[in-house]
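Before anything else, here's the structure in question.
Chain nomenclature is as follows: A, B and C, assigned in order of appearance, with residue numbering initiated at 1 for each chain independently.
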Amino acid sequence: MTYTLAQISRIVQGGLKGNPDAVITDIAEIQNAKKGELSFLSNPKYTKFLETTGAEAILVPKDFKGEFKNLILVENPNYAFSLLIAKFRPRIPLPKPQIDPAASIAKTATVGKDIYIGPNVIIDDHVVIGDKTVLFGNIYIGKESTIGSAAVIYSNVSIYHRCQIGNDVIIHSGVVIGSDGYGFVRTEDGISKIPQEGGVVISDDVEIGANCAIDRGTLGNTVIGKGTKLDNFIQVAHNVKIGQYCFIAAQSGIAGSTQIADGVTIAGQVGIAGHLKVGKGAIIAAQSGISKDVPPGAIMFGYPAQEQSKARREIGNIRSIPDIKERLKIIARELEQLKQGK
Amino acid sequence: MTYTLAQISRIVQGGLKGNPDAVITDIAEIQNAKKGELSFLSNPKYTKFLETTGAEAILVPKDFKGEFKNLILVENPNYAFSLLIAKFRPRIPLPKPQIDPAASIAKTATVGKDIYIGPNVIIDDHVVIGDKTVLFGNIYIGKESTIGSAAVIYSNVSIYHRCQIGNDVIIHSGVVIGSDGYGFVRTEDGISKIPQEGGVVISDDVEIGANCAIDRGTLGNTVIGKGTKLDNFIQVAHNVKIGQYCFIAAQSGIAGSTQIADGVTIAGQVGIAGHLKVGKGAIIAAQSGISKDVPPGAIMFGYPAQEQSKARREIGNIRSIPDIKERLKIIARELEQLKQGK
Amino acid sequence: MTYTLAQISRIVQGGLKGNPDAVITDIAEIQNAKKGELSFLSNPKYTKFLETTGAEAILVPKDFKGEFKNLILVENPNYAFSLLIAKFRPRIPLPKPQIDPAASIAKTATVGKDIYIGPNVIIDDHVVIGDKTVLFGNIYIGKESTIGSAAVIYSNVSIYHRCQIGNDVIIHSGVVIGSDGYGFVRTEDGISKIPQEGGVVISDDVEIGANCAIDRGTLGNTVIGKGTKLDNFIQVAHNVKIGQYCFIAAQSGIAGSTQIADGVTIAGQVGIAGHLKVGKGAIIAAQSGISKDVPPGAIMFGYPAQEQSKARREIGNIRSIPDIKERLKIIARELEQLKQGK
């Protein structure tokens, strides 16, 4: 596929500065782009590559100040570029509707139209699956669980009984949904298990990265809200409620019964203790340890986490200790001189 | 199912304060409980909900001081409530004994009585499985491994060769047991692998959360002691020995050859370095990094971890730096005045 | 199998100090070794066991100063011992070439010679697999992916479409390769997914521990260089490039587009932010949080990480705060006395 720059600017609804007839043959990252290729610039770290890139043209933000032979100015270069990925790199299509003879589907299960079920998929009693859903191989779906329509579930996913998966949900390989919450009581003669009889609700448009684990609730449900995106290795403990359109980056964990409001951004390797509330739109920096409620809109950082500005000041304070010691030494010397002088 | 409060008090062996004829139709968390529902109170954070809950009755500790229309006083409200979950929310029963025709069972394997083996389970040569054990679908069990009786292993679990799983063990989906320990030697021309020829021993009554990984020993076994409970994503490296009745919360990792004594509690996202000893009953706070032996009964916190009281004091010290600076300024000023005065 | 000490010294090409006719019947860790058993000593922490071990002989480094009845002196005791593990504890051989009838292999796939494909393995269209490769059960390999020769892939591994796995690669159970990178853009009406249409390249001689996740690139490939060894639970985000012969210990994560040079050592639970460069031979201590480029050969530690020597000094500084306060008190007192004295 090739496009002229004029065509590209129409696809991304951007303003064109340069040659509208320039021919674009592919897309590439700015540091790697060669003649004929279109790139984008959104992270300022990459601005330096403007000097060296072989790119034919670059997508930039509307307020871009730099110079380049061919520019397309857009609201969001990242988003505009993502539209072009679909044009230049058509994905391998999802498998066509078919039910593999090596799948094990209970007679009491209800399966929608135009569905793909791969080899060795196990669908247990009373499961309901919506239309156009794709289930890759080696998946297990437990009793009475429901899957919406147009969902895509990759290989080796385990969904326990009584879980509800919404429409257009994407679940990557190795994910476990509905495993028992970690509930135990120490007793005189050992440890007693607290039954975990709630379920899990995964709302529409959620994406769950590889090897995540989302435990079932004790009585009620563990819930992930509409459009929320989980990276890989996320731990979601029992009874957690996550709001809509949140980002949670890899290897973060949320302990039992914590509530995350809408639009929260959690970076990688963050830990959030149990029974807390994280307010709407809060941002939590990587590796932070959250041990208290987080107010809406707060930016948190550190272990234990504080408001980022406070945490930063604290680091500055620590780094000023050598200076404090130096000043102490000077004062002590002057004091000594004063005493001697008397 | 409905019970009178008098019946409930007998089930949980608790004292009743209120109306013995009150009818309980369900159970619920205190913040959600409605008329007719019974709840419990054990975490003091939730005491505030006493004012707003619609609950008919509440399980409280024996020394509870507050007021409510109907109370049942018990040693451990958590434990008492867990007994009631089983009454009000009977779980979906485990699958009935059956061997699915889509399982692949080696002729040399020995399988007990009253066993359930789901579709696509692979049981390799010389495996032995005890009576009443349940193996959900898509499980792999390697050569010469043994599984005890009444164990429950969920879907997509991988157990390598020569691992021993005890009685009444529960293993959640995505768990890997017996993968090679991480043993390598840098050599002149690259990296050489150290063979990992020990095994893994999972003792009776252990529960292992979703997506854990427990590596096999190099020569001897990696061992998890009786009744220990692992949350999700726990990393147990080669040659680790974990004692009895420990708790290990999600995303914690224990490096090679470390020994954890009985009754230890490890919170989430903790890292414990290799070749260490953690003493009996020690408690390690979330996200701590343990780089030295931990004495019995110690409470550890921080990165690098210290005794919690020390770590807390240290945080207090850091937060006092602005005050130190302020005092330094005042002293410097006074000193200057003194010098001037001379 | 038994060997004389003279035979052992020839196998490991070491110098013998002691009785060449001593008979070695097995190998064991120094703290557990009994009569007739050979052990090794490389970690100085274990030197104390020289006093108590029942070992017949011990492998030690050439410059070893201690005394013991029978010693074999070698360059690298760890490596020498690893050669003996293979002699005394022959591993269960890999399964013999065979294609299980319960595997699902696409007609368009190309499968090499002397290959083992276990039950329920799914091999999708246009996959190519080299000679002598072993695929345990319940594996999924997506369209157009290639696997080299003499690779070993354990059960329940998921490899998405268009991934390239080299020769002699070992992939442990539960690993996911080629899942979508975590790429999204917030838009006015929610969150939009950025297509992830690159692939993954796993070079020759790489080993990947249990339950790792390696995301596919956005346009280009996520790459792991020759001979690099990943422990369990490693997160490798989209577009990451890892060099040759690196070590990455358990539960570490590398965010998108970061480049790791050759010979880097990353300890456990480390987090490395996106779009960074980690220089050749750098070492990153456990639980560190890397937020800036790391120069070649640097040793980094802390959260946020600094050069280890600096981070250590900083800890020393923090621990000197009580002393600073004490000195402040003394100075204030002396100052007061001076003022009074005037």
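One rule holds for everything that comes next: contacts are C-beta pairs under 8 Å (C-beta built on N, C-alpha and C of every residue); 3 or more make two chains touch, one makes a residue touch a chain.
Just so it is clear, the structure is predicted and the values come from calculations on it, not from any experiment.
Visitor: Count the residue numbers both chain A and chain B use at their shared interface, divide by all numbers used there, and answer same if that is over half, different if under half.
Guide: different
Visitor: With a Cα-based fit, what is the angle in degrees between chain B and its identical partner chain C, given to the nearest 5?
Guide: 120
Visitor: State, to the nearest whole Å, the distance from the C-alpha centre of chain A to the C-alpha centre of chain B.
Guide: Using C-alpha averages as centres, the distance is 25 Å.
Visitor: Where in chain A do residues touch at least two different other chains?
Guide: 102, 120, 138, 156, 174, 211, 233, 251, 269, 303, 318, 321, 324, 328, 331, 335, 338 - these are the residues of chain A that touch more than one other chain.
Visitor: Spell out the residues on chain B that touch chain A in their complex, using ranges where they run on.
Guide: 27-29, 32, 43, 45, 76, 78-79, 81-82, 85-86, 89, 91-92, 100, 102, 118-120, 136-138, 154-156, 170, 172-174, 205, 207, 209-211, 227, 229, 231-233, 245, 247, 249-251, 268-269, 286-287, 303, 315, 318-319, 321-322, 324-325, 328, 331-332, 335, 338-339, 342
Visitor: Considering only the defined contacts, which chain B positions touch chain C in the complex?
Guide: Its residues touching chain C are 102, 104, 120, 122, 138, 140, 143-144, 156-158, 160-162, 174, 176, 179-180, 182-187, 190-195, 197, 211, 213, 215, 218-220, 233, 235, 237, 239, 251, 253, 255, 269, 271, 273, 275, 289, 291, 303-304, 314, 317-318, 320-321, 324, 327-328, 331, 334-335, 338, 341.
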